Amino acid sequence: MTTEQIIFLIVAGATLASGLLVVTSRNLIHAALWLVATLFGVAIVYTLLNAGFMAVVQVVVYIGAIAILFIFAVMLTRKDMRDSGAQLNSNWWAGALMAVLTFGGLFAMLRTWGGMSKTAAEIPAGFDQIAELGAQLTSPEAYVLPFEVASVLLLAAMVGAVYLAFNKK
Amino acid sequence: MDFLNTHLLSLILFLPTFAAVVILFLPSEESKLHRWFAFGASLIPFGLTLYLWNAFDPNRTGFQFQEQYAWYEAIGSNFHIGVDGISISMVLLTTFLTPLAILASFSVSDKTKAYFMLFLFLETGMLGVFMALDLLIFFVFWEIGLVPMYFLINQWGSANRNYASLKFMIYTMGGSLGLLLAIQMLGVLFGTYDLVTLYQNWNSLDSGTVLLGMPVHTVKTIAFWAFVIAFAIKVPLWPFHTWLPDAHTEAPTAGSMILAGVLLKLGAYGFIRLVLPFYPNEARMFSGALAFLAVAAIVFGAFASYAQTDFKRLVAYSSVNHMGFVVLGIAAAGLAAGTKDAHIAMSGAVLQMFNHGLSAAGMFFLVGVIYERTHTRDLNQFGGLFPLVPVYGGILIFTSMASLGLPGLNGFVSEFMVVRGAYPVLTVYTAVAMLGLLFTGAYILKGIKSVLHGPMNEHWAHGEHKLTEINTREILVMLPLMVLILILGIWPAWLVSVINQTVVALF
Amino acid sequence: MTTENLIWLIPLPPLISFALIVLFTNKNKALSHTVAISAAFLSWLGAMIVFVRALGVEHFGEHPFASSINWLPTGDTWLKVGVLIDPLGAAVLFFVAWTILMIFLYSVGYHNFGQPAGDHDHAGLPPHGATVHGHTVLSVEPMYSRFFAFISLFAFGMFTLVVSDSLLTLFVGWEIMGLCSYLLIGFWYAKPSARAAGIKAFMTTRIGDVFMLLGIAFLYSVTGTLSFREIFTEEILHTLASVPSGVFGLSAAGLIGLLLFIGTVGKSAQFPLHVWLPDAMEGPTPVSAMIHAATMVSAGVYAVIRMFPLLSMDEKTMTVVAFIGAFTAIFAATIAVAQNDIKRVLAYSTISQLGFMIAALGIGAYVAAAFHLITHAFFKALLFLGSGSVIHGMEHGVFHTGNHKVDPQDMFNMGGLKDKMPITFWTFLIGGFALSGFPLVTAGFWSKDEILADAWGHHHYIVFATLAIAAFFTAFYTMRQITLTFLGSPRTEEAKHAHETPWTMTTPLVVLAFFAVTYGWVGIPEHFPVLGPLVNNNWFHDFVGHTLEHVPEAPEFSWIPLLTSLVVALGGLGLGWFVYKDVKSVEQDKFQISFLKNKYYFDELYEVVFINPAYWVAENVIYKFMDQGVIDGVLHIFGPVTDKIGSAIRNYFDVPVVNQFIGDGSAEVAWWFGKNLRPIQTGRIQQYFILSLVVIFVVGGLLYYILTLA
Amino acid sequence: MIPLSWYLTFAAALFSIGLFGALSRRNMVAILLGVELMLNAVNVNLVAFWRYGDVAQMAGQVFAIIVFAVAAAEVAVGLALVISVYRRHNTVIAEELDLMKW
């Protein structure tokens, strides 16, 4: 066990735990806060993967924007929080079964796969992954088209969201 | 100017379509606007054609003003257009007649928007056939020409229009089937539809080759007849001609003008552009049969015309008669290919196409003029109209004489050339065709007699039935036709020399 | 201006006049006839200049006036058109120009220019007279301008034909005249008889024309040219004569000649296509003169004379020509004897005289045929115009009495007009004597004598005898006509009040009478007793004969033909006068033989044999039976058959199999499934989600099982 | 060094947790929370594959970024829908919405 591994196990454990809390908390505000914790955990995992930029984006976008958005949504629908009573529906057992089956299936598949124990190569010295990412995102030979499509998607989502949530009184 | 020069044919071809689309956006009630717009729009292609005619170099062999764009690459079909001496004269005829036909349609007041749109689409369809240098394009335009005409007859025709339009459509489609199959066969065999390439490949086929499991000779014979029947229906040749009197009789006046003036020429043009170059051997072998059908059309057409009591039907049958001479010339050219006889016969045939376009359009228009006023075409109800409408009478006699082939007017020159070309090689057929020429005189005189001559017709002389003289607009329709008829009769060389150069190079 | 250029211009003035009248001056009668007569005069002037210049050229036959231009491209060569005036052309041009000018002038008076407009006249009918101060007087023709337009076009056609150097332009002029004859014969188109006559004329001549067109095509394809000068060369003629045509054992030359000759048969109204000409009398009289004398029928003869070198290449064709000519001569002459209409007599006389010319040509008498053509043109134009003048005078009488039942053309209504219309009488007498061949002083004698002499001299005794008998008949009916019309005393009130016609009509008569006498003197044979040595040479024979490469030999002088022509002419005239001097009415006429009167029933025969069957075939066989019955019938079978096949497919396949089994069946299956699967459609998103996952697992598991384990 | 399998297992577990949340929670906002977890799990996978594959190929990160964008869009639209539904039907419980029922 190296230090890195230990750190990973701890982070992973904490993350999964807060994830479980996200789906089980009775109070939605709590659930949203636990989501923030989970997302933060994932950000740390990114760091472990040497993807610092991703970690920053994770924090800024997910925690800074998405999680906050959730909290707003929760508060806007506050009158009907239904904090009391069952938080899980009547088919929760089927859901749980599916989740377990999914995990089991994925795990089984991972085990039979050959590249499981592969280890990461060293990142070459002087390799600027942020610059490379930016170059590839805007290069016509690479990913400018998906990038642009994504921006169009965002625009569409924005217009759609405004339209849906607009109070037509 | 450079753009104009390099895209001249496309411009001529698609301007009418463009204009038709513009009409679509004009307000529906403005009939007057539709008329004038359509008329003006159809003058532009005519002007461009004059420019084309001027820029065309008759001494060069092969096609000129060619344009080629990828169209259907997977099967080797290109949008390839161009003109030579034969097709340019047909293009000229088409763009010349269309404005006149539109001017002749100014009296149409029902659904003018659709009417003029269809007319302009029709022009594109016809021009496309004459310009196409790709079999598939040829076929596409061939069919495009059919649809507007169907609707013109079906929507603006007279009493029996449903029957006539359906008959027209089914007849032509029936012929097109074989044509399409034969075209596809050529395309599949050679991987291209380009006429110029096909001319060479197809004729250089070794006669021992086996195609589609049959000897090449059999395949060619079958394809030859598939082509011939399709074109024979359109020309129309006896015995495929019975759609024509019906369609003509029921079509609106301008529809008849274009039908007789240009659409019939598509069939004859098909013979010249496709049948003879593709099947020189078969054309030689079956020229007797072709000549037989042509002579049958000439003789029976004249006889049938003589038997009519319906003025328009009389004129319609005269088309059968006149187009027979075109095919007779073509048959002679097929038989005598490479000789002077063939050149004269073929030039005569092309000229006859042009001439018939002028005189038949004129005749149909004149029938329309009187029909519009009297609402009848029954010859028995006419007679003795000359004192009432002297100007109309004079014009009718003039045009009839052109149709009759009076020397000094255009019809004579072409008939003379066809007879001259056909006589040495198809002597008996030509001699029998003279019987048709004789009866041409008979039915023309019958027409004049039954309409104009005779004791003054009291029925149309007074009161509500009073027949009015041909008006200025109608004279303006006839005037260009008459002038051209006269010019071609006196000095045909300007047109014939262009045709002749191409004919000498091709046949 | 060079002579060649001048020749190009000769036909143009009438054409321009036609256009001017039609387009601009048709409302103004005076302007119209001024334009037309000026045009005729210009052409006349041109023709005279050309004629005089032609006289001045040495060896004119070898150096005619000719020029040509490229007209129509044919393959790598050109078809040329051009003008040619050779001796024959010059001679013909001379009489054509004169007669046309005279006829134009005559028309002014004939159509009553200057008279008031008729009370009830309208276009399409002859004028019916106008009332002035209670008297009925002649009224002006309502279509006066149109008449001048048509005859101008006609004149254009004739001049074109004469000056043309090739068969093609000759044919152009030929057909334009055909059109004009149609228009002019049917000038009073509102009269059904005139309308029918016009069509008859056009159609009958067109029968000839289509054969002629074939002949032209044949000639053109064999020789590659249509120019007279190029065809009539030794080499080409021999080629043509040696090539067999495969028809009736004729050589190419023979067949071409025969085809062209059929054209002439139609145009010059030879048997059996003669039927149109008498009916053509329906037209105004100047038209009759135009058609019968100066132009159209002459054109037919002119064309065969032109083509003589070709025709003479084949004996058989020549025999046919001679036979047709001789037969027509006697055949028409016999009919003329029994006619009562003053113009119809002349019409049959014309047919007969044209037969003389054709027969002359058929026996090789080239010059004689041309000579008779010209003299006949003069005196026959004179006779027609004279008869028109008579009719005009009679109409005057008719209007005076007001009895419109009297036919002003029937000779039995006339008599004694000698004193009423002296100028007409004397000129008509000259014309009639010329037609009869009155010895020595008339042109007709010299030309007819030359034909008989040629026939005798070349040993064509049958032709000689036939023509001699025909000449006898000619003299007889001519005298009959003169006697009935002018001599004796008036037989009707109208004839008493007949009146001499105006100067515009009599001047042409005098001019033509002059030529009817004098023109004969240019062709007096060299060896004719007394007169021959006096004139020293036969100018006409010399001049026209040089048109041919080998100048034809004049026949040896013989007393037999001379005496024969003296006997038949004088005998016929004498007998005619003797028989008719006391005839008072139709009943006393012994020659009213119905067989002759009805023209041997040829009209009726043609009606039954050709015209009715043609119409019947056209209408019933070709149109109704073939087109509408068979072809459309077959087409109309397609409809029901397709319909039957369609309904069979529908009833036995589409409805039970496709619709009920496949169509309805699949719908029912789907409905059953839908009904039973409906409960799982809970509308709850999470349940759908679970269900889809279940499916994924099941399918994935199965796939995994199949792919990896099995 | 951490083997790749650890990351993948972690991601699988996170994914399953999210799946459970999406399938079983009654509150619509909570369902969306579950979906967020699933998306994050996928992102972890993507970045891990990038790290353990050819680093010079940025496909994994690019993909992850695009997933961010999709997630943002999804949340924006999803929450807007929730608010809209809440306004109209006055409920945020998924089970109570069965308008699409047969």
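Chains: A, B, C and D, in written order; residue numbering restarts at 1 for each.
The definition used in the following text is that contacts are C-beta pairs under 8 Å (C-beta built on N, C-alpha and C of every residue); 3 or more make two chains touch, one makes a residue touch a chain.
Since this is a predicted model, take the numbers as computed values, not measurements.
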By CA centroid distance, what chain is farthest from chain B?
-> A
Chain centre separation in whole Å, for chain D relative to chain B (CA means) | 71
Can you check how far apart chain B and chain C are, centre to centre, with Cα atoms defining each centre and the answer in Å?
-> 32
Measure off the straight-line distance from the CA centroid of chain A to the CA centroid of chain B, and report it in whole Å.
-> 75
Taking each chain's centre as the mean position of its Cα atoms, how many Å separate chain A from chain C?
-> 107
For chain B, jot down the residues that touch at least 2 other chains.
-> none
Residues within chain C bordering two or more other chains | 686, 690, 693
Multi-chain contact sites of chain A, meaning residues that touch two or more partners | 89, 91, 94-95, 98, 102
Where do chains touch, given as pairs?
-> A-C, A-D, B-C, C-D
Chain C - residues contacting chain B, complex | 22, 70-77, 122-124, 168, 171-172, 174-176, 179, 182-183, 186, 189-192, 195, 198-199, 202-203, 206-207, 210-211, 213-214, 216-218, 220-222, 224, 614-615, 617-620, 622-624, 626-628, 631-632, 635
The residues of chain A that touch chain C in their complex are 89, 91, 94-95, 98, 101-102, 105
Given the complex with chain C, which residues does chain B contribute to the contact?
-> 167, 239, 241-242, 245, 300, 303-304, 306-308, 340-341, 343-344, 347, 384, 386-387, 390, 394, 397, 401, 406-408, 412-413, 416-417, 419-420, 423-424, 430-431, 434-435, 437-439, 441-442, 445-446, 449, 452-456, 491-493, 496-497, 500, 503-504
Per the touch rule above, chain A residues touching chain D in the complex are 2, 4-5, 8, 12, 15-16, 19-20, 22-23, 28, 31-32, 35, 38-39, 42, 45-46, 48-51, 53-54, 57-58, 61-62, 65-66, 69-70, 72-74, 76-77, 80-82, 86-92, 94-96, 98-100, 102-103, 106-107, 110, 115-121, 123-124, 127, 129, 132-133, 136-137, 142-143, 146-147, 150-151, 153-154, 156-158, 160-162, 164-165, 167
Can you name the residues of chain C that touch chain A in the complex?
-> 686-687, 690, 693-694, 697, 700
